[in-house]
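The structure under discussion is supplied below as structure tokens; questions concerning it will follow.
Letters A, B, C, D and E name the chains as they come in the text, with residue numbers starting at 1 for each one.
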Amino acid sequence: MKKENILSLKGLSKHFGGIKVIEDVTLEVTVGERVGLIGPNGAGKSTLFHMIAGDLEPSGGTIGYFNEMINRLPNYKRTENGIVRTFQKNNLMSGLTVKENLMLVLQRINKKHTQWWKKANQKNYPLLFEELEALLQEWNLQEYSHTKVQDLSYGVQRQIEIILAIAGKPKLLLLDEPTAGMSQVETDQIITLINRLPLEVTIMMIEHDIEVLFGNMDRVIVLNAGTLIADGSPEAVRENPEVREIYMGKEELANA
Amino acid sequence: MLSLKEVHSFYGASHVLHGVDLEVKKGSVVTLLGRNGMGKTTTIHSIIGFVTKKQGEIWLEGENIISLKSHQIAKKGIGIVPQGRRIFTTLTVRENLTVFAEQDKGNWDLERIFDLFPRLKEREKTHAGNLSGGEQSMLSIGRALMRNPKILLLDEPTEGLSPLMVGEVMDVLLKLKEKGMSMLLVEQNIATALSIADDVYILNKGEVVYHDHPNELRGNMDIAYHHLAIS
Amino acid sequence: INTSTSKEKTKEKVKDDSPIKIGALLPSTGVYASLGENLLNGMNLYFEEQNWEVAGKKVEIIHEDTEADPQVALRKLRKLTDQDQIDILTGPVSTAVAYAIRDEVDSKKLPFLDSHAGGNDLTRAKRSDYIWRSSFSSWQIGHSMGEWAYKNVGKKIYVTAADYAFGHEVAEAFKEAYTKAGGEIAGEVYPPLGNNDYSSYLGKMNKDGIDGIYAFYAGSDAVRFVQQYEQYGLKGKIPLIGSGWLTAEDTRPQQGNSPDGIKASIFWDYSLDTKENQAFKKAYEKKYNKRPSIESAEGYDAAMILAEAIKKLKGDVTDPDKLIEAMSSIELNSPRGPIKFDKETHNVIQNLYIVETGIVNGKTENKVIDTIPQVVDPGK
Amino acid sequence: MKKGSIKGILLFLLMVLVPFFLSLYYVNILSEILILSVFALSLNILVGQTGLVSLGHAAFFGAGAYATGIAAIHFSSNIFITIGMGLLFALLLALIIGLLSTKAHGFYFLMLTLACSQIFYSIVYQWTKVTGGSNGLSGISPLDILAGMRLSNQVFVYYFILVVVTILLLFLSRFLRSPLGSVFIGIKENEERMKSIGYNTALYKNISFLIAGTIGGLAGSLYVIFNGFISPTDVYWTASGSVLIMVLIGGVGTLWGPVIGAAFIVILETIISSYTDNWMMIIGVAFILFVIFAPNGIVGIYNNAKRMLFKGQKIPQKELNRIPIKQQTKMDG
Amino acid sequence: MSALLLQMMNGLSYGFLLFIITSGITIVFGILGVLNLAHGSLYVLGSFIGYSLIMQAGLPFWVALAAVPLLIAIIGLVLEMVLLRPTYKMGHLSQVLLTFGLAYIFHDIFSMMWGKNILVVTPPEAFNMSVEIAGNAIPAYRLALIVIGILIAIFLWFTQEKTKWGAVIRAGLSDKEMVGGLGVNIHFVFTCVFFLGSLMAGLGGVLGSPILGVYPGMEFQILILSLVVLVVGGLGSVTGTFIASLLVGFVETFSRYLVPELSLIITFALMALVLVVRPQGLTGRRVV
């Protein structure tokens, strides 16, 4: 039996003034799929994420989420419904500590965020704090718990960026270059954790690190100048001459 | 050309660099490796003067620049491609490239940058804040080149670039090296880093834990992984 | 708990030699700062002439800055009564302040001589046994010009005033008197207080078939209005009349020659040729090295009235009712002419003068051209 | 019991005893400080918590004050009914202004609130029949707490205000650190990201605005009960400016900062202006000294001093409380 | 018809007066990101010193017009270097508070030095008359202001748009540290901008005083007016301020003429309207 579609884009396009950044993209993603998204710089990958997450309004076409048309849904509602994203450029509550950043996600997931009558401390919210501890442990970040995000190194900030999304219990997780700026060790860690996510979580990931991408995704989509030029298994895409031409560097070609 | 002696750096009360020694010889490329949060960026920032609370000596062509302001340091011929790109979002692409340019000092000019990154030419009049991540990286590199520096500090310059572009950028860096430009390169991709380096330093918790010729490392990747994985 | 007001405590100090304390609630900052300064100068001048001694007792003025802000004024009033334990209160410039402190003054039975604030209601609906006014009511200012304007200026007049309670009250009083005399109001316009460009309002007034413009403006408004009245070509075409503040002693120097020909009604003017006024002017100029203004005269008069009342009581001001009693029956010739209190309304009864501005030795000077004797506020 | 709450109770008892020791003048000043504290506390919810720097907060003060005053003159002499009217009116006004202005950011927000409050000011100023125009609304008599119990005396008024302020502080001390409170802080830090992690920031900004506006209205109501009058001066933008300064000087985003700021300004202004006409200059110098040497306000000075004294103990260092006046919204590149 | 023409001229001249007054604050806020609440004070200081030079020392108007702005600019320079500089790293609110403190200090200096009365400067002899246009008298000085306003606008527009300076300053706004890293002394640039902004304030002070007069307390009026124009125009662009000045000038003039009761509200209503419809001001650019 074919799995249910979690995301279906039909004729999606985005224009900025005269510039056509996304042109007529049609795409379906089924529940639980792990989809990689590659393409040259400026191909429109991030723009596509912006539109799916509701941070940009499409110029044309529709975005379907399960069986619903969500074009008009504001971004925070989409997040509530399970579409959670990370940003290519760190975008955090940088004056707050790591703990406070994570808490903001955890309390919303647990529907505690409208409570105003008690202080948000361990005594009043033991469960939240348990979850928090677990997260910090999992990512090895206990020592930074009380550090302001702006005082962290770039790479650690990127980690927080990703944790914020994963902690948000996504159904559709959009990762925009999660391992950029991460050292080898951290990259491995992130990949492990992503792979450990429940199977029903659908993942779309933009990534320029070919090894990471081809090694972990079920399917790879290639975007060039706003249009889909390839869509298939990692192996198939890797062999695609057009993709090699516009995307891969010499080294990768040599490796392949 | 550039050498750091016993450099200690601080953010407020927190002590981040614990006596870093490092040398970039004229015309050579030094790469700085290390896990996240180990002090690579802090090292770069200490050199260019973004970090002001520091001790030790930083010698640039026979002059100790540790207490100079960053604009004075930059004027001495240091170019920087910072981490996170830090392009000026409210300026157009062209302005980003030209406003700080010092074209009389060398032969990088707008035309050559546009040849190198055709993408930027297409986006010439766009506000840089609207560029894609990779385009911003190109812009940041272009901006540094336009100043025709004697020494380049590159903090993960290839971040966000497609493999094809990474190749192109590395080619350019190699050519620059051939022409005698000195570089300090922070890079996460070890293979990329080693392909150009004359010298490798590995930082751990603000200290240099490994320093050798890249060939040694290439021959014995275990050492690298060993130093890079401990924390 | 110490809930008593200070008055009970002061009862004990009947016959000691502690000075009589007069609280002066006057602004020294904010928009009315210069008025407050002049009022205080006037008072200081009078008491200095008396060597700060009346009926054998020392007199002391305790000045507090109201900033022309009712909230601050009330705070300062409480300081004056509770901390300084003043015997008499005088001031303020702003009517809003006068209204704001009215209840507190009334309930504390503090004798209060209003030396400037002219809001009609203070001696009408908000009348209090302890509040008397030696300055003027806005009705007196506006009304006095009405009939005179009909007889001497023309049958059709345009009315303009700054858009605040006082401006409206003056304009109302003028309209009332003027229409009663038979005149017709050609139109009216009320620019905001502190307006800086009157060009469009002047354009509105610049109509054919108008005999005059009645304007109530003071301070910076008066300077700008009168100047722009000339610049936009209305001078020489439509006569301008108004209240004395339009061409007041301290505004005219800034207006250049523009005020030439303006006629205004006011209760005191520098040019008033009486014995008392000559003496006052001379003393004031000697002490302060500048001409007195309307407010200087008000301050001087208020001080004089208080001194007379104290004299009547032989220096014993501990009983507020007696003090009020003594003050209310005072009649005297002040620099502005004969004044007395209306026992019914507690407002002053005084002459109003029509002054005309002319040019003498290249500078503008006012001249009294008519007198409207002993104007009484109707009290409702 | 925790150290904090013991200190709080002691402070409360001290405040209760004040009228037994000090003269009425000081009691009145304290009342005024408490009222302005309420005002400053309310603004701090916007400025310190949500990062919305408003220069129009006096509108709510005025709304509460005028509604209470008018109700007291025309409808009822019961204190709760009249205060209720004040709160209701302030709430409605906050709803309108909030809907209009929370869409704008940073400096534009500041100017929008300024514009709205100036429009409110003009209405108050020109609607003479109802509000008394420039002369203000005066002659508001003391109100009843219960039938037969009248706040006829300044000391009673003081106690009433003290109780209200205490309740408000108790409420705020929980509220500001509650989950909802942290949502506001998140919005201050990065509104875009808050949306992306699933918060309807427009809604929360409006809620913050409503709470702040209503409590601002409460301050106005108390003010009318205390002084028996209200005038347009208290609605003018300078009033908004001075309450903003109280918050900044006291310590933005802290619980006690606004209270201390209110006390500081009132005391400074009252004392200095009795001695010199040039008090504005002295206050101006004080501002500048604060900005340069104590950017975290009086609470910041206190915390620093504490840290110096107890160097050995670990007291978490509070960093500069920077409030961004953002010029443009940003998004991922 | 002629009444309408007159109001048009009034709107135009008032608009240019606004532009001259507000251009200084535009430069400093729009470009430097410093909300200079002492702008009104610098303006008023210019007026007062102008008054002293022209009316008390008897110097010709033109001398004051040259000397005063320079003097104010130097005062601004000192203020920037001594007081403002330490606050750049502390965020915008600190500067608001600091410059507000300055405004308070200036306020008292004014009343100590020049008293509390309104003072007016007479316009230069050549312009101290009215010109007849289509049957309406219009003060010649106001016509002169229109010309001066146009010159200032061109000068500022050129500096901001056509020289590299404008771009450096905009860059500094988004990332000061990085500008330093590229070899530009951003503090020096900021000082220059503040110098220029103060220069404009002084110029406005001298030019405005024959029409508006000057008195302590006026600085706050000027300040609010400037802020309104600044915001309506959209922060930072000279073009925006120029358009906004004329717009506010026209709207105010005509509302006074047509609905005088509303004139108090109308400017703020205009500002609110512009911001609700276009939260970035008229010409503000939206960077997405």
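One rule holds in what follows: contacts are C-beta pairs under 8 Å (C-beta built on N, C-alpha and C of every residue); 3 or more make two chains touch, one makes a residue touch a chain.
Nothing here was measured: the structure is a model prediction, and the numbers come from that model.
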Minimum number of chain-to-chain touching steps separating chain B from chain C: 2
Set of chains adjacent to chain A and to chain E: B, D
Comparison of D-E and C-E by number of C-beta pairs in contact, larger one: D-E
Centroid comparison with chain E (C-alpha atoms), farthest chain: A
Chain whose average C-alpha position is farthest from chain B's own: C
Chain A and chain D: spacing of chain centres that average the CA atoms, whole Å: 42
Approximate Å spacing (C-alpha centroids) for the pair chain A, chain B: 28
Chain centre separation in whole Å, for chain E relative to chain B (CA means): 44
Whole-Å gap separating chain A and chain C, where each centre is the average of the chain's CA atoms: 74
Interface hub residues of chain E, defined as touching at least two other chains: 107, 111, 173, 261, 264, 287-288
Multi-partner residues of chain C (each touching 2 or more other chains): 29, 163
Overlap residues in chain D, where contacts from two or more other chains coincide: 125-126, 277, 280, 322, 328, 330-331, 333
Complex contacts: residues of chain E adjacent to chain C: 3, 6-7, 10, 13-14, 17, 107, 111, 115-120, 122, 130, 136-139, 211-213, 215-218, 221, 252-254, 256-257, 260-261, 263-264
Interface residues, chain C side, partner chain E - complex: 29-31, 33-34, 37, 163, 189-192, 194-197, 199-201, 203-204, 219-220, 223-224, 227-228, 231-233, 250-251, 254-256
Of chain C, residues touching chain D in the complex: 1-5, 28-29, 64-65, 67-72, 74-76, 78-79, 81-83, 95-96, 99-100, 102-104, 119, 121, 126, 163-166, 168, 193
Parts of chain A lying in touch with chain B, wherever the complex brings them together: 16, 38-47, 88-90, 151-156, 158-159, 176-177, 180-187, 208, 210, 246-252
Chain C-facing residues of chain D, complex: 19-20, 22-25, 28-29, 32, 125-126, 128, 132-136, 138-139, 141, 153-155, 223, 227-229, 231-234, 269-270, 273-274, 277, 279-280
